[in-house]
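To keep things simple, chains are lettered A, B, C and D as they appear, and every chain counts its residues starting from 1.
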Amino acid sequence: MKETKEYTLYNDTVMDHFLNPRNMGDVEQADGVGEVGAAACGDIMKISLKIRDGKIEDARFKTFGCGSAIASSSMATELIKGRTLEEAKNFSNQEVVDALGGLPPVKIHCSVLAEEALKAAIEDYEAKQPKVALATA
Amino acid sequence: MDKRSVYLDHQTTTPVLEEAFQAMVPYFREAYGSPSSLHRFGLQVREGLKEARQKIAQMINAESEEDLIFTSGGTESANLAIKGFADANVRTKGNHIVVSAIEHPAVMNSVEYLSKHGFEVTQVPVDIIGRINPEDVGAAITPKTALVAVHLVNHDIGTIQPVKEIAKITAEKGVALYADAQAAAGWMPIDVRDLGVQLLSFSPHRFYGPKGIGVLYRSRKARVTSHIHGGVQEGGRRAGTENVPAIIGAGVAAEFAVREMDQRVAHVAMLQKRLYDGLWKHVQYIKLNGPVPGPLRICNTLNLSTEFIEGEGQLLLLDYQGIAVASGSSCVSKSLKVSHVLSAIQLDHALAQGNIIMSLGKDNTVEDVDYVVETFAKIVVKLRNMSPMWKEFEEGVIDSVIAPTGRGKSFTQHAADISGKPAH
Amino acid sequence: MDKRSVYLDHQTTTPVLEEAFQAMVPYFREAYGSPSSLHRFGLQVREGLKEARQKIAQMINAESEEDLIFTSGGTESANLAIKGFADANVRTKGNHIVVSAIEHPAVMNSVEYLSKHGFEVTQVPVDIIGRINPEDVGAAITPKTALVAVHLVNHDIGTIQPVKEIAKITAEKGVALYADAQAAAGWMPIDVRDLGVQLLSFSPHRFYGPKGIGVLYRSRKARVTSHIHGGVQEGGRRAGTENVPAIIGAGVAAEFAVREMDQRVAHVAMLQKRLYDGLWKHVQYIKLNGPVPGPLRICNTLNLSTEFIEGEGQLLLLDYQGIAVASGSSCVSKSLKVSHVLSAIQLDHALAQGNIIMSLGKDNTVEDVDYVVETFAKIVVKLRNMSPMWKEFEEGVIDSVIAPTGRGKSFTQHAADISGKPAH
Amino acid sequence: MKETKEYTLYNDTVMDHFLNPRNMGDVEQADGVGEVGAAACGDIMKISLKIRDGKIEDARFKTFGCGSAIASSSMATELIKGRTLEEAKNFSNQEVVDALGGLPPVKIHCSVLAEEALKAAIEDYEAKQPKVALATA
């Protein structure tokens, strides 16, 4: 048995992203913002994007939710930065799960929420950019 | 420097008292016999068991130690009380059961089992501090009611129930009353005769006794059908080789609970008050669930909701700072459902999500409490900075439930709007 | 000089292994959390429980540790296996149960409970050494049979049952098979997959683990309805705060049982043989119940009947000499009934009265055995001198069952003649 | 907790009479012999009496039965010695129980067996002595 204090609910990567979240906050004058809620548990996630030349230059999150929801949004924003919109549209929650080194089964929906928030932010961006939206359609 | 370690989850379980543990030790490797055996290894154990039984009987002022049935825990005791009594009395008394809306799952699910097997169940609601109204219980009783089940104290929100008043009504109507005393035992005096209950259960692991042992008191008038069949242990009412060391430890824990009751209650109530005052002084937008510290609340528990942030995050950050607490938030439960207790007191969904349960114990100190207040205040700031709801509240998009500003929609409405489904 | 102390009742219960006890210790006062808690006190405990589960799964070669349900003991495990399986499968499979005539009361009384609740029960007899004939089981199965329950080893007379052969038949007929392995676990290798059973139960207190904990293995195909309702512990199949220290101790006991199996079995079988040889050499008119030491008998148990004297007296005099044994005589049972196992093997009533059960353990020695033989021989002389039957046998009034002389009537006839009622 | 070896199933008096039974054996050329069996548990008790001048001069027992059956017959023979036949006919098992300092409830029938054995022995004696039997009738 290790010492009590060495035990954590999630693995080290998840704990690290929960305790020291990356990209926490709101992008100033964001090009796209997505805010989604999980009907399952009531979590809410908001992702804001800065997009330049079809690429995600910056991504930030705010999350109302459990540890794995916070870690998932932190990881999702990390992963997505620098990707093209096309790439981002194919982004799947599994990438978040893998990058986090796994999530408990009951918490997988947190990573889904991150995917949804990201896609909502892209949609928001595209909705504001009708020409680009058509071009990629 | 090591962080302080503060265990604030005594309503889940407690460490075993040193004296109780020491009393158990010889029963593992020396006095290891089974009390059913006729040889000395068996007889040696019988004596200890009898003493333990007497101490536990004294703790609740039972007429006789013969009125106790030892089980494996609070859950089994609740199952035996409800299903055992229902079984034994359905023919003579009827197939109707009255239960409060905020009982522990051990009670709720036992009753639900009966409802699938021919019983009718009436759930009595509670008010917003989680109190059962005795008149509601009276009104729910029908000529077919066999049993009323109400807990003495709610495990989540700490509300003390008017069991004695309910007992007057059930006595008048000739209906048996079962009280789940698991959240009360050890933290307030319990007198089964003064209360007027026919059945009462608890588990010593909540007052510094061991796990693996539960108690069911049943007055001689209350017949209970046994549910674990086999040998004639516990007077034929509960079969199976006795968990001897645990019974011994339970006896010592009961003895100390009685002896130190006043002192423990005074100490813990003082800490509860200090914790309550400190938190409410240093943290904005938090709500107490259940009654204010005082005669309607058990001395060791505070249940609060922190607005705009979620419970598991609070729990984890507190844990990271060495503070162990519980939460009734949906993220914390395996079923992703908010505690049914919080639903029953009609707590707003946003507040239910931000739920935290802190339960004190005899070994917590003033320094612990001050550390918790200070740490909690910092954690709330950190999580609110991360929460989209906090900014939206500041911007007037959503409103506070605790201190409404009149600007913005409710959290629940907001959540429903963005998720496309009503939050549950 | 102090008398030697020889514990010969390992088929009732055993002391906890030092290593198992030491492993349990930190879980009482340090790692006292509940595994359901999300904080570190809870998490710390989860790890230990998982390891224990794995060790126990390995002990019986279960597919996965998820196939184990922890209960409070062997009795609860048997109840859950039988009533839980019956409940879950009565609609799809039927309401008929097949059981051997010599199962433990935990099984017998669970089956009896079902027989009062709409189930049909067929009891399969055993032969005079207590073996179940697999063909009898096959013949008892009907299209409505839901479950066959046979133990792996009989707790009283030590007979090893042909469970693997029975499993072939049940598999062929598509009926589930439950084996109560409580008298076997720790004393012979158990492989649930090789045996072909769908359900199997035991309690670690029979192989140097703690009391208060039982195991039910159930293969993923065997659905079991939970019988203790409440929280979602044990994957929702058995509610109640886990008896953490006991599970930890059980894990260590299982680990050692596997590791030391060969050695323990060899040692105990050697002692069993020596005890058998010694007793039969030094004491006249004793009969072995169950098979001779060898492949059909569990290595640690001898069940014998001493003619012309009664069991409790033997037990008490042995106890007075420091030797702890059990007895299936009616004087020893609270119900004043001879063990149903002895009745089922059609043991003469006089011999059933004189019953003694000696069960060896890993810490017994050759010196212990020699002391037991010597002491037992003296005790038998003392009691026979006190017994009217012995003199009446010598005078030819009654005859010996074990070695008939052809003179005199049977004990049972004699007892009936003088009591005016047939003995039972 | 006392030491293991100090525990006994019955109280000290019962244990003493079980371990060191008084009057064990058969009266030589007994005047009356009673042998009775307990239907409840199968115990058998035999009491033989030497009777002189309407008094029990000697009483001995043999018992097939449990510890409390042996102690009960030992105590019963002790109690009865020196009593007149009249007194002996009024003998009750309660005297045995009391003199033994109590028996477990489930073992009370052992003392009853002792009473029955004694009375059977007296009956046997009286059956052999028709005149005496009539005189006391």
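List of remarks:
Quick note on the criterion: a residue touches a chain if its C-beta (ideal position, glycine included) is under 8 Å from a C-beta of that chain, and two chains touch if they have at least 3 such contacts.
As the structure is a computational prediction, the values presented were derived from the model and not from experiment.
Contact with chain C and chain D alike is made by B.
Separation between the centroids of chain B and chain D, computed from CA atoms only, is 58 Å. A straight line joining the Cα centres of chain A and chain B is 38 Å long.
Across the assembly, chain A contributes 4-5, 9 as residues in contact with two or more other chains.
Multi-chain contact residues, meaning those touching two or more other chains, occur in chain C at positions 30, 38, 40-41, 312, 316, 319, 332, 334. The list of touching chain pairs reads A-B, A-C, B-C, B-D, C-D.
Across the complex, chain D meets chain C through its residues 4-5, 9, 18-19, 21, 24, 26, 35-46, 62-67, 69-70, 106. Of all residues in chain C, those touching chain A in their complex are 26, 30-31, 38, 40-41, 43-44, 47-48. Here chain C touches chain B in the complex through residues 7, 9, 12-16, 18, 21, 24, 28-30, 32-34, 36-42, 71-76, 78-79, 104-106, 109-110, 112-113, 203, 205, 210-214, 227-232, 239-246, 312, 315-316, 318-319, 324-327, 332, 334-335, going by the rule given at the top. Interface of chain A with chain C (complex): residues 1-2, 4-9.
On the side of chain B, the complex with chain A involves touching residues 2-3, 5, 308-313, 316-317, 319-320, 322, 329-332, 334, 336, 338, 349-350, 353, 385-389, 391, 414-416, 418-424.
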